[in-house]
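Below, subunit A partners subunit B and then partners subunit C, in two separate complexes.
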Partner chain A sequence: MPYALVAPIVVVLGAILGYPVYYLVRLSLEKYGLFELIQHHGTYIGLHNFGSVLHDSVFWHTLLRTVVFTVANVTLTMVLGVLIALLLVRVSTWVRLLVTAGLVLVWSMPPVVAVQVWSWMTNVQNGILNYLLTELHVGNFFQHNWYLTTFSQYSMVTTLIVWGALPFVAITVYAALSQVPHELVEAAQIDGARAWRVLKDVTLPVLTPVLLILTSLSIIWDFGVFTQPYLLIGPGQQTTSNYLMSVYLYVEGYGQTNFGRGAAISILMLAIVAAMSVVYVRRMLRVGEEQ
Partner chain B sequence: MSRRRTPVLGWNLVGIVLFAVMVFPVFWMVSTAFKSDDEIYSFTPTWFPGHPTLHHFRTAIDRPYFWTDVKNTVIVVLITVAIALVLSFFAALALAKYRFTGRKLFIVLVIGIQMLPPTGLVIPLYVVLARYQEVNKLSGVILVYLTFALPFCVWTLRGFLIGIPKELEEAAMVDGSTRLGAFVRILLPLVAPGLVATSVFAFITSWNEYIFARTLLSSGSTQTITVWLSYFYGGARSVDWGAVMAGSTLISIPVVIFFLLVQRRIAFGLTAGAVRG
Partner chain C sequence: MRYRILAVLAAALALGVVAATAGASGQRAQANTLTVWLQVDAQNGWPNVVAAANSAFEASHPGWTVNVEYQQWTDHLQKFDATIAGNDTPDVIEMGNTEMTKYMASGAFANITADKSQFANSSKWLEGLTASSTYHNKLYGVPYYAGSRVITYRSDLFAKAGIKKVPKSLSQFQADLVKVGKMEKHVKGFAPLYVGGEDWYTALGFVFDYNGSIATYKHGKWIGTLDSKNSIKGLTRFKQFFDATQPKSTANLDGSNPYPYTVFSQGKTAANYGPAWYTCCTGKKYAKVTKQFVMPSHVAGQPMPGFLGGSDLSVPAQSSNKAEALAWIADFTSTTSEKALQAKGNIPNATNLLTNAVNDRAAAKSWFVPQATNWVNVENGNILKTMLAQLLSGQLSVTKAAEVASQNIAQTLNQS
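Let's turn to the complex of A and B:
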C-alpha cells in the first residue's frame, strides 16, 4: 500500500529531476556549446571542463567572494534576527503585534519586486537613501552612486537580502523563545542570576536546535543566491570582479553558451552545498523518524 | 516588579522604530506609485503623495504583455499547484501513516532536493528541455516548477497529516466504512486546511520564481510576470520609476494577500520539530 502511494511521485521526480541530473553529469564531461545544442550531441572530453575550471583563478576568487558574502549575510541575519526576537519578548502586546505584522508584510514581498524597490531607493539622482543620509548629516551623499565598487554593490545586495530574511528568522526564534519555561527563568532570577546568565544558561540551550537549523538554512540560501545580486547590480554589470557562485555559473554556462563548462561549475557548486546541507538534512531526518 | 515599568516604554520605542525601518521600503513603493512625476523627481522628496494619481498604474498595465504575462503566470502556477498537490498528497500519506523500507531514503531525497540551489540545475534543465522542444513553452516551465514544488508539498502535507489521530481513522473503519470511505469522510475534512495552506504556499513560490522563467521563456508573449517586471525600465534615457513602482505594487498584491492568509500555518514547516527537539 505505501509503495502504491509513493510510486507516482517517484516516477515523476525520476523523470523530471533524475534525468536532468544524469544529463548534468554527462554534460560536464562533454564539449557542449551552441553548435552541440543544435546538433543535440556533445563531444566527450573527459575531465577537461573540471580541469579548466579548477585552474581558472576566476573560480577560486568567486568561491572566496561567495564565502565572505555568505558569512557576512548569515551573521547579520542571525544576530539581528535574534535581537528582534528578544525585543519582541520585552515590548507591550500592541507593539509586538505591530512589529509582527510589519515583519510578515516584509516576508511576503516577492524578491524581484524588492529588487526594483531597492534600485529606486538607492537611485543616483532621486534615491531616498542619498537624501536621508545627507539630511541626517552622515555625509554628503548628493548624487552618490552605490554601484561603482564591488564592495558598495554588495553592501546594497546585503541590506536587501538581510531585510528580506529577517522576518523568517525573527519570527521563528520568537516562537522558540516562547517555549522557554517561565518557571525556570523566574527561579534563576530569584537565585540572583543576572540577565546575561539567564540568557546564557536558561534561554540559549532551548534555542540552540532552532538556531542551528536557521543558520544552516541561511548558509545554504545565501551561498546559492542569484536573483538579488544579478538584478540589483544589473545583468549587464556582472563581471569577473564581482561574480557570486550562482551568477558565475549562469553567465559562463548559459550566457556564453558553454554548457559543458557550466555543468562542471554546477557540479562543484552542488557538491559544496550538499556538504553544507548535511547538518540540516540529518536533523530533519530525525524529525521524520520520530513520528 | 515596578522596576520593570520604565524599560518597557524604552523597548516599545525601539520596537516602533524597528517597525518603521522594516516597513519603509514597502511604504515607499506604494507611496511612489501614487505620486505625480513632479513629486517623484523632486530633490526634496515628499513622504505622502500630494495629489494621489492612478496615472502610473495605467502606464504599467498598458505596457506590452502585462495581461498576457499575468495570464501566463496564472496558468503556470495553477497547473503546477494542482499536479503537485495531488501527487504529493498520496506520498505524504504514505510517509505519515506507514513505515516501509526505503522510507528513510525517500525522506532524504525530499529534504535534500529542497536544499539544492536552483541555479545548479539551470544548465541541464535548459539543455534537456531544448532537446525536447520545450523551451519557450509554458509546459516546460511547469515541469521545472514541479521539481521544486513536489518535495516541498510532500514535507508540509506530511506535517499536517501526522497531526490527525489514528483512532479517528480507525473508528470510521469500525463503523463499516471502507478505507476509501474513511479517507473521504474523516481524513479529508481534517486535512483541508493543510491542503489549502500548502497549495497557497506553492502558489506563492511559483508566482515569485525568476531564474527559470527568465532562462526558459525568451519572448515577451510567453513570459511570466516577474520577468516582465525585471525588464521594466521606462524609456531609453530615464527610468519611469512611478510606473515601475506601480507595476511592483500590482504584482505584490496577490502574494501579500495569500501570504497573510496562510503565514501562521506554514511558517514553521521548514523548522518543524526543531522547536520541540
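Let's turn to the complex of A and C:
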C-alpha cells in the first residue's frame, strides 16, 4: 500500500527528470552530430567527449570567466537586495507600496523583452542612454559603444541581470524581516546595541536560512544564465573570448551541431553548480535540523 | 509562516537544479498543409512574390494551403535541427548558399536530380548557385536568387562635393568619401561610409582583391590562408580604408544593429556597401538621390570581387509532401517570379534572365567561401567577425589577428 501511494510521484519524477537525465548521460557518451541526428542514432565513443572538452583551453577560460561573473552578479544582487529590503521596513506605507509595485513590475518583465528594451536604450547609433548622458553633460557619450570590450559587454549584462533579480531577493528578504522578533531587537537596543550591532547579531542570524537559500538559487541561476548574455551581446558577437558557460554549451552543442559534446559540457556544468552550492545546501540542512 | 517561506524557497531551489535542459517542439503539420520556411528578406522585400506563388500553387492543388513561416538568419539552422530531431521538418526550406554543404553531406535533403527539368530555366541556372546545391554530382536544391554587393550612395552629396564621375579605383573612392565627410562635418555623427566593421563580406572582398584567400584544400586537409602574404595585404588595405571612412565605434558592429540603410535614411551617411536591394529602405526623403555603382578595385578600372550571396530552396528528406514541395518551388522560381525578384534588386537564378543592371554587373567578378562541409561552423563560431573586431579596434595587429583566425578556421574545417 505505501508503494502504491508513492507510485504516482515516482512515475512523474521518472518521466520528467529521470529519463531526460538518463538521455543526457547517454548522449554525452556518443558521437551525435547532424548525420546522427538525421539517422536518429548516435555512435558510442565512451568518454571521448569529456576528454576533448577538458583538454580544450576555451572550456577552462570560459569556466573562470563564468565563476567571476557569477560571484559579481550574486554579490551585487544579494547586497542590493538586502539593502532595499531593509529600506522597505523603514519607509512610510505609501512609499513601500510604490517601491513594491515597481519591484513587481520589474519582476513580471520577461527577460527577452527586457533585453530588447535595454538593447534599444544602449544602441550605439540611436540609443537614448547616450543621448541622455550627453545632454546631462556627464561626458561626451555621442555614439559611445557600450559593447566594445568584453568587460563593458559584461558590465551591461550584469546591470540587466541584477536589475531583474533584485525584486525576488528584496521582496523575499522583506518578508523574512517581518519574522525578526520585535522584542529581541528592543532588548538589544535597551542593552545599548547600535543599529549595526543589531543588524549583525539579531537581524542577520534570523535571516540566515532565507539568505542561504536565496544565495544558492542566485548562484544556480547566474551560473547558467543564457538569455541576457546571448541576446544582449548578440548572437553574432559571441566569441571564444567572451563566452559564458551556457553560451559555450549552446555554440558547441547547437551551433556546431555536436550534441554529444554539448551534453558532456552540460553534465560538467551540472557537477560544477552542484559543487558550488554544496556548502550552502549543507548549512541550510543544518539550520533546518536545528529548528 | 516562516517555514512556509522556507518550504517555497526549497521547492524553487529543487526546480532550479532540475531546470538545466530545455527542449523545443513544433506543431505537427496538418494534412494538406505545405509548410515553407523562407527568410525574412522575402517578408520585407517581396511578400507579393510569395503570395503570387502561393495562389498559383493553391489553384493547381485544390484542398492544399501553404503555410509560410519566416525565419531569421541567426537561428534558422538551430530551429531546423530541432525539427529534424522531432521528425517535424518543413516541406521546403530556404538555405543560404554557404550553409548547404554540411546539410547535403549529412543527408538532410531529398535528392532532386531527376526532377530538375520541371523548374523554369533550369538548364541556364547560375553556376555558382547550382554548385552550392550540388554534392557528389547530385542535386539537392533549387537556386532561388543571388545577390552581389554594390555601393549605394547619395548622389546629391557626391555632386555637392564636386565629384562628377563615379570612382574608378579604390583610392579614388576613398578620397571621394573623405571629401564628402569633411563637407558634412556639421552633421553630428556623420560617417562618409556606413557598413559595420565586422561585416566580413566587405573585408574579404579586399582580401580577394589582392589575390588572397580564406582556406585551400591540400593533401586531404584544409589549410587556413588568411595569414598569407596577399591576404594580409588585403586586410591591411581594408583597415586603412575603414580608418579613413568609418567611425571606430562601428568596429565591432556587424551591420544588423542598426542596419546600414537605417543610418542612410537618417541622413547620417553618404554610402553603404551591401546587397543591391538596400534601395528599398534608404527612406522617402532620399529616394530620388539614392544611386548605385560597383565597388571599385585597387586596380583602376576593375571592380572589386564581391561576395556572391544567394539562397537555394531544398526539400528536407523527412518531408512526406515531396511532390507538392517541388511544385511549390517551381511556382516560386518561375520566370515571372524571378523577374519580380530582379526588379527588387536581386540577381535572378538563371543567366538568360540577366540584364545590364548594376547588380548583375557586380556579379561578374565575385568570390565565394570554401566549399567545406564544416564551413558553416566557421560562420557560427564568429571566427571572421572576431578577427575583424580585433584588427580594427587595434587590439591585435593585422598579422596576429589573421594568424589566429587562420588557425581557428583550419581547425574548424578539419574537424571530423
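Please note the rule applied: the second predicted complex is superposed on the first by the 256 of 291 C-alpha atoms of A that agree within 3 Å, B and C clash if a C-alpha of one lies under 4 Å from a C-alpha of the other, contacts with A are read in each partner's own complex, and residues count from 1 in each chain.
Note that a residue touches a chain if its C-beta (ideal position, glycine included) is under 8 Å from a C-beta of that chain, and two chains touch if they have at least 3 such contacts.
As the structure is a prediction and not an experimental result, all values here were calculated from the model.
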item	value
Touched subunit A residues, subunit B compared with subunit C	B
First (subunit B), second (subunit C), both or neither touched by A:V113	first
First (subunit B), second (subunit C), both or neither touched by A:I220	both
Which superposed partner A:Y147 touches (first subunit B, second subunit C, both, neither)	second
Partner chain(s) touched by A:S266 [first = subunit B, second = subunit C, both, neither]	both
Touching partner for A:V6 - first (subunit B), second (subunit C), both, neither	first
Which superposed partner A:L24 touches (first subunit B, second subunit C, both, neither)	both
Touching partner for A:A175 - first (subunit B), second (subunit C), both, neither	both
Subunit B versus subunit C as contact partner of A:N123, first or second or both or neither	both
Partner chain(s) touched by A:Y254 [first = subunit B, second = subunit C, both, neither]	both
Residues of subunit A contacting subunit B in one complex and subunit C in the other	16-17, 20, 24, 37, 40, 123, 125-126, 172, 175-176, 179, 209-210, 213-214, 217, 220, 224, 254, 266, 269-270, 273-274, 277, 284, 288, 291
Contacting residues of subunit B [partner subunit A, same complex]	7-8, 11-12, 14-16, 18-19, 22-23, 25-26, 28-29, 32, 40-45, 87-88, 90-91, 93-98, 100, 103-104, 106-109, 111-113, 115-128, 130-131, 143-144, 146-147, 150-151, 154, 158, 162, 204, 207-208, 210-211, 215, 226, 229-230, 232, 239, 241, 244-245, 247-248, 251-252, 255-256, 259-260, 263, 267-268, 270-275, 277
Residues on subunit A engaged by subunit B in the complex (per definition of touch)	1-3, 5-6, 8-10, 12-13, 16-17, 19-21, 23-24, 27, 32, 37, 40, 84, 87-88, 90-92, 95-96, 98-99, 102-118, 120-121, 123, 125-126, 128, 131, 163, 166-168, 171-172, 175-176, 179, 209-210, 212-214, 217, 220, 223-224, 226-227, 231, 245-246, 249-250, 253-254, 259, 262-263, 266, 269-270, 273-274, 277, 280-281, 283-291
Contact set on subunit C toward subunit A in their complex	1-3, 5-6, 9-10, 12-13, 16-18, 20-21, 74-75, 78, 81, 84-85, 102-103, 105-108, 188-189, 198, 247, 249-254, 256-258, 262-263, 266, 268, 317-318, 377, 380-383, 385-386, 393
Residues on subunit A engaged by subunit C in the complex (per definition of touch)	16-17, 20, 24, 33-35, 37-38, 40, 119, 123-126, 142-145, 147-148, 172, 175-176, 179, 209-210, 213-214, 216-217, 220-221, 224, 234-241, 251, 254-257, 266, 269-270, 273-274, 277, 284, 288, 291
